[in-house]
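If you scroll down you'll find the structure; I have some questions about it.
Lettered A, B, C, D and E in written order, each chain numbered from 1.
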Amino acid sequence: MLRVEHVTKSFGGVVANKDISFTFEEGQIVGLIGPNGAGKSTLFNMISAIFPPTEGNIFFKDHQLNDLSTHEIVRLGISRTFQNLQVFKNMTVVENVMLGQHIHSKTGLLSAAFRWPSVRREDERAYEKAMGCLAFVGLDHLYKVKAGNLALGNLRLLELARALATEPQLLLLDEIAAGLNQKETRDMRELIKKIRDSGVSVFVVEHDMDLVMTICDKVIVLDQGEKIAEGTPKEIQNHPRVIEAYLGAEMEEEAG
Amino acid sequence: MGDFLQFFVSGLSIGSVYAIVALGFVTIYSVTKVINLAQGEFVMLGGMLMFTFVSAGLPYWLSFFAALVIAAFFGKLMEGTVIRRAKGADPVSLIILTLGVAIFIRGIASMIWGKNPVRVEPFTSNQPYNIFGASITPQSIWVMLLMLFIVAALYFLIERTLLGKAFQACAVNPTAASLMGINPKQMSSFSFTLSAGLGALAGLAIAPIMFPSYDMGIMLGVKGFSAAILGGLGSAPGAVLGGLVIGLVEAFSAGYISSGLKDAIAFTFVLLILLIRPYGIMGERSVGKGGL
Amino acid sequence: MDGVHQTNWIGFVVFAAIVLVFPLIATQSFYITQATFAGIYTIVAIGLGMLMGYAGQISLGQAAFYGVGAYSTAILTVTFGLSPWLSLLFSLAVPALLAWILGHTMARLSGYYLAMATLAFGIIVYVVLVEWRSLTFGASGFYGIPTLELFGLRLTPGIPYYYFVWIITLLIMSLSFNIVHSRVGRALRSIHDSEVAASVMGVDTGKYKMQIFILSAVYAGLAGWLFAHMSYSISPGSFALNASILFLTMVVLGGSTSVWGAVIGAILITVITVIVHALGLRYAFITSDFEHVLFGLILMLVIIFMPRGLFPTLVDWITAQRPKEREEQQKQREESA
Amino acid sequence: GNGGEQAQAGEQEAPAVYKIGAIYSKTGPNSPLGEPEWNATVLLEEMINAEGGINGVPIKVILADDESTQEKATQEMNRLIHDEGVLAVLGSSGSGESLAMKGIAMQNEVPMISAAASVRIVEPVEESYWVFKTPQSDRHAAERIYVYLNDTGISKVGILHDSNAFGESGREQLELFAPEYGIEIVAIEQYNTNDPDMKSQLTRINSAGAEAVIVWGTNPAPAVIARNMKELGLDLKYIGSHGIANQRFIELAQDAAEGVVIPTGRMLFPEQIPDDDPQKEVLMNFYNAYVERFGSEPTNFGAYGHDNFMLIVEALRNGATTRADIRDYLEHNNHDWVGATGIFNFSPEDHNGLTPDSLVMAVVENGEWRLLDH
Amino acid sequence: MAQCILQVENLHVSYGPIRALKGISLTVREREIVALLGANGAGKTTLLKTISGLLVPHQGKILFKGEDITGQDPTFIVQRKVIHVPEHRQVFGTLTVLDNLYLGAYHHYRSTGKEQIEQDLEKVFNLFPILKERKQQLAGTLSGGQQQMLAIARGVMAKPDVLLLDEPTLGLAPIVAKEVLELIQELNRSFGTTVLLIEQNIVASLKIAHRGYVIAQGEIVKEGEAQALLDDDEVKEAYLGHAVQ
């Protein structure tokens, strides 16, 4: 469903992504790993059209994404979370998530001003959906807290719920478990699996190998902007370049 | 040709005035991210205090420095009594706050000095020089020199010293700055003092040109603000460039197109430049869409 | 829909009731005049407040739209003999068109740079009003603007016009409440908090900013129309930078994060003016210069002690008085931990 | 507030006090105009009441500052009429504010005497039934200047005016009457009140071949212009407006002011007015009282304030104590009324009542204004 | 037993009506690494912020080497060489990497002298070579992990006696995370730096720590030697989940 073809991205002198190609099958969880600064977030940013690639093409279900703007991408069915949290701090939790329903409603300025019955119906539907997503990630009890007052772990869940509310086909998760302790990470893992099982493909960037290796169907490894490996978690764990560049020699020790 | 040169010289000298005012904006902005709309009032204070001291019979240069020091002190006072207390305010509220200060100072000034403009003698004898048919007064030359000196000093301070980096750190993230042992309050106080001093200096320099009065700060404030933005907020050379550009555009459009439309032309020009360079001529450093 | 910002219609009805009975208790017609102006300003302030608090944009040129609205109707009714009710359309459309054009050119700007662009726009419009003498009669002003007639009733300044203005203001308020508490309002608030996250949710940030900018211009144009037909004459001076700053001040003092803030801000400024004025009448030492000093002082005090504006502070204060709610909040927080 | 009563009370018995409203621009951009007007009003109220009032009834002036804005003028006008129930309103200083007040005066049928220049305040006269004004209209000043130019043989002029209402209405009248006097206007330039430098405009006017430049504005800009002209070494005759008819202009411009010529009311130099001038006494009395009370000169604007006030006093003295009576009195009974500004003859056709003779020409000589008789 | 360097007594801290710390007491001895454990929102960050002077407690005391530093300015506390590397990186986004590092040394820049600072800089660059490569890049455009490295490096430039670290390995690749923990141990061993550490990877942090405290809902619920805490069933249950044996 997602095809990345020879994508290169450079910022001035820094080449963040260099000639990256891969494909992404529907219904999978794919992991994207690599050292800090390898270009993972950059790749995510291009898939969500926050900026275009310098070279190369990205296709999602036969739509070329290069010339689209971010808000159009969402309508194609791609949603994401952010490594550096981007919640709407001054809105309540449920309002945050209702924004995920934005693309599924039509109310414009004028109809909103007069608040026709259809507007009210639409609002209620969005609310129901948002509460559903909150319940799904287990945040429903906090629905009316101001998002800015949440602790970090809950913020991550909130971003996840918000992304889910757009009803995506492809979900990009950028370091969704950063700042969670082992127990919370474990819960997150179950959640991701559940999302996949509901038919959403998931693309995760994570530094928590436990998480990546246990849930991913496929793992792609970047190093200094280049793709150095792609394969099943097993293959990746034993890939010499990956061990050298990223996992480190003692990784197995700890995992085992 | 003579006309052209005259317009150019006029533009330069007006532009230098705007530039000095703009540098005051830059000083405060680059430390606190506050836009101080009372900047124009410090210019006024400089001029009016000078007038007061000279009228009271103090020697010229003593009056000059006394005016400078007192105005700078008012800057410090403003920071300590008003700005510092408005901790939780967002940038727009802070702007309105400085506006409140400006209205306050202006009101007091009109009660003390009345509404009439006053006269202040130039630094040196004011026999104009004639350069290829264009006339320029020594005071205008003083203004330009002063402006160049200030921008050089500020540029060095902000860009080349650790203190300057500490300034910028306070502007970017005061909390983190305090964790580095930088005292944002002290810096903020320092920047207001410095900037009020600069404002007063501008006032002292232009008092002999334009007859200061209690309300001169409004116009200079607007022009200085525009110059600072046009140049790219936070950049001292940018402010100077912005000031000169506005001054020159005004002079040339008054000279060649229409003096009635000169403001409209100058501000249309500002708009156009901003369209081409959304962060001003010298651009503010920005991380754009980085760090997501 | 618990947990979602919704219009407090009870508050609105109470407010409307106060507004409607005010003329009955106002002892002086001066208060009626002031209150009429407050109504007109409220309309501008609501638009500007939505632009600032919801879309996160500063405008230092709002008075230009206000002026264009006023001049449109003045010129059309006096010079071209149009009915004021027809010219209303132009008073709304011309500012909208200008906002649309300006909005396109400003799409690239943000923060103080945007403020600068709007400031420039305001100054340009002012100069045009002064210089286009054949149309506007220049700096000394345009005069002879007719009063409105509605069903044979002349809406003369005073109580008739007060009711006319405030009924429109209440209407604008309720429309605005609906907007900010809708999908559109949420989208705008999200832009304010994180533009990139908003666009990732599918919000076309450019489109919404443009819409709200146009809306604010239309509001200002409407207010200008009301102002023109209340005044026999108008002049560019009423639409200069001062006025833009006055509107901005109203929004900031009231609090930009809610429509109520703008309403309260506009009323607050009027009340301050009335109080300072009343003091001036009573105490000889409070001259009009002193009034400025006092005004500046009040401005400073309000921002120092209520940095987010009067309305949010009041709301906090009232909720703090309700211990039950606070307890509930604390409980929720602990659950979240 | 229980104002209404006095307004109607006049007929039967003498009221306790005559309430008059006055709105002047004490603050804001028009304050150079408004302040002397305000002061004059304060002074005259004191003087009249010290004399025992009008036929034994004290006069009370409710003074209001419109801060040079139309909104404030509108608000104060409404307040004075409805809440204070004044018999008449004086003011305001600026044309824009006066026009705003005019609408309210007409609607509420309250006599009003403006202190602003624009002829539009009292014209067309059918639409100005309740409105009068005392300052010479800019038309008079323009004509007076052109008479002077014809006398001195200058025919090509440039105009340099403030972009505010004051400067603009001067420019309008200058343009209007130029053909009649055979004057060619070769350049029209403007500036903003606080601009620091007008060399560009002057250079342009000079290059256009002007022999004289007519500067229309109030301090400080005309002084800046005088100095700029000197710095540029321009050989242009400087003709100012009555806006700089004060000592302040000379103090600011100093030697650059030498030779500057202006049309002015006689209030600029009462001592220099010949003793046989009918205005002499009024001028001297007011001038001396004003200088003694405020330590500054009344200027022509003070004279407007004086005349506005005294016209009402005159009406009251003669038994016109209702709004309608005052208006009628002003329109019909003022024949050759001697004011500080000039000699007034109001009529149903003319609510200004002055001729260009109310202006004289003055020149700066040795740092002082001298009456110029040519 | 080593001398007590930092002592917190009965600390109460609130954010407006929200009570974040409800009477925390702990001690840190010289040359010790102390781990702070606790779930999200427990109040760990709040505690560090209060020690470094960013928050003012409304009750309780903080002693540094016996001196009462409660409610002092952060600048005052930094001068005592108590350095806080805050949560969320907090790098100066629009300054370059190099400027960020120089600012780390701000409080001792004058007394130390330029040469020494340059040497320190080299040392830090050795630890994080990427920073050297990117020294002219604006810090805000660094990747998440690079920013985290910069934040730590900036803390090191301050030459701390006591280092307060708030989730230093957040977002770092496993190798780097490991290196950072080793670096902390190294600082502690070679320079005697005292460390107060918040770390989500509880196992890893307890492995390098000497002692630990467990905070829950603003109160200390457990304290002890690192190893003891590692073996504690409750800790395992609450923070590691049942799957870890």
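As a convention for this text, contacts are C-beta pairs under 8 Å (C-beta built on N, C-alpha and C of every residue); 3 or more make two chains touch, one makes a residue touch a chain.
These are the chains along with the protein names UniProt gives them: A, E = ABC transporter ATP-binding protein; B = ABC-type transporter, integral membrane subunit; C = Branched-chain amino acid ABC transporter permease.
All of these numbers come straight from a predicted model, not from anything done at the bench.
Peer 1: What are the chains that subunit C and subunit E both touch?
Peer 2: Under the touch definition, subunit C and subunit E have A, B as mutual neighbours.
Peer 1: Greatest Cα-centroid separation from subunit E: which chain?
Peer 2: D
Peer 1: With respect to inter-chain C-beta contacts, which pair, C-D or A-C, contains the greater number?
Peer 2: Most contacts of the two pairs: A-C.
Peer 1: Once you find the CA centre of subunit B and the CA centre of subunit E, what distance in Å lies between them?
Peer 2: So the centroids are 42 Å from each other.
Peer 1: From the C-alpha centre of subunit D to that of subunit E, how far is it in Å?
Peer 2: Each chain's C-alpha centroid was found; their separation is 75 Å.
Peer 1: Quick check: how many Å separate the C-alpha centres of subunit B and subunit D?
Peer 2: Comparing mean C-alpha positions, subunit D is 37 Å from subunit B.
Peer 1: Quick one: subunit A and subunit D, Cα centre-to-centre, how many Å?
Peer 2: Here the centre of subunit D sits 74 Å away from the centre of subunit A.
Peer 1: So which bits of subunit B are touching at least two other chains?
Peer 2: Residues 110, 260, 263, 289-292.
Peer 1: Please list all residues of subunit A that touch 2 or more other chains.
Peer 2: Touching at least two other chains: 11, 41, 50, 82-84, 86, 149-151, 154.
Peer 1: Where in subunit C do residues touch two or more of the other chains?
Peer 2: 130, 196, 287, 289, 292, 329, 333, 336-337
Peer 1: Which part of subunit E faces subunit B closely enough to touch in the complex?
Peer 2: Of all residues in subunit E, those touching subunit B are 52-54, 73-75, 78-79, 83-84, 86, 90-95, 99, 102-104, 106-107, 109, 138, 140-142, 144, 147, 154, 158.
Peer 1: Enumerate the contact residues on subunit E facing subunit A in the complex.
Peer 2: For subunit E paired with subunit A, touching residues are 18, 39-41, 88, 130, 134, 137, 141-146, 148-149, 167, 170-178, 200-203, 238-241, 243-244.
Peer 1: Can you list the residues on subunit B that touch subunit C in the complex?
Peer 2: 35, 82, 85-97, 99-108, 110-111, 222, 225-226, 229-230, 233, 260-261, 263-264, 267-268, 270-271, 274-275, 278-280, 289, 292
Peer 1: Spell out the residues on subunit C that touch subunit B in their complex, using ranges where they run on.
Peer 2: For this pair, the touching residues of subunit C are 52, 58, 105, 108-113, 115-117, 119-121, 123-124, 127-128, 130-131, 196, 241, 245, 248-249, 252-253, 256, 287, 289-300, 303-304, 307-309.
Peer 1: Going by the contact rule at the top, pick out the subunit C residues touching subunit A in the complex.
Peer 2: Touch residues, subunit C against subunit A: 1-5, 175-176, 178-179, 182-187, 189-190, 192-194, 196-205, 211, 215, 257, 329, 332-333, 335-337.
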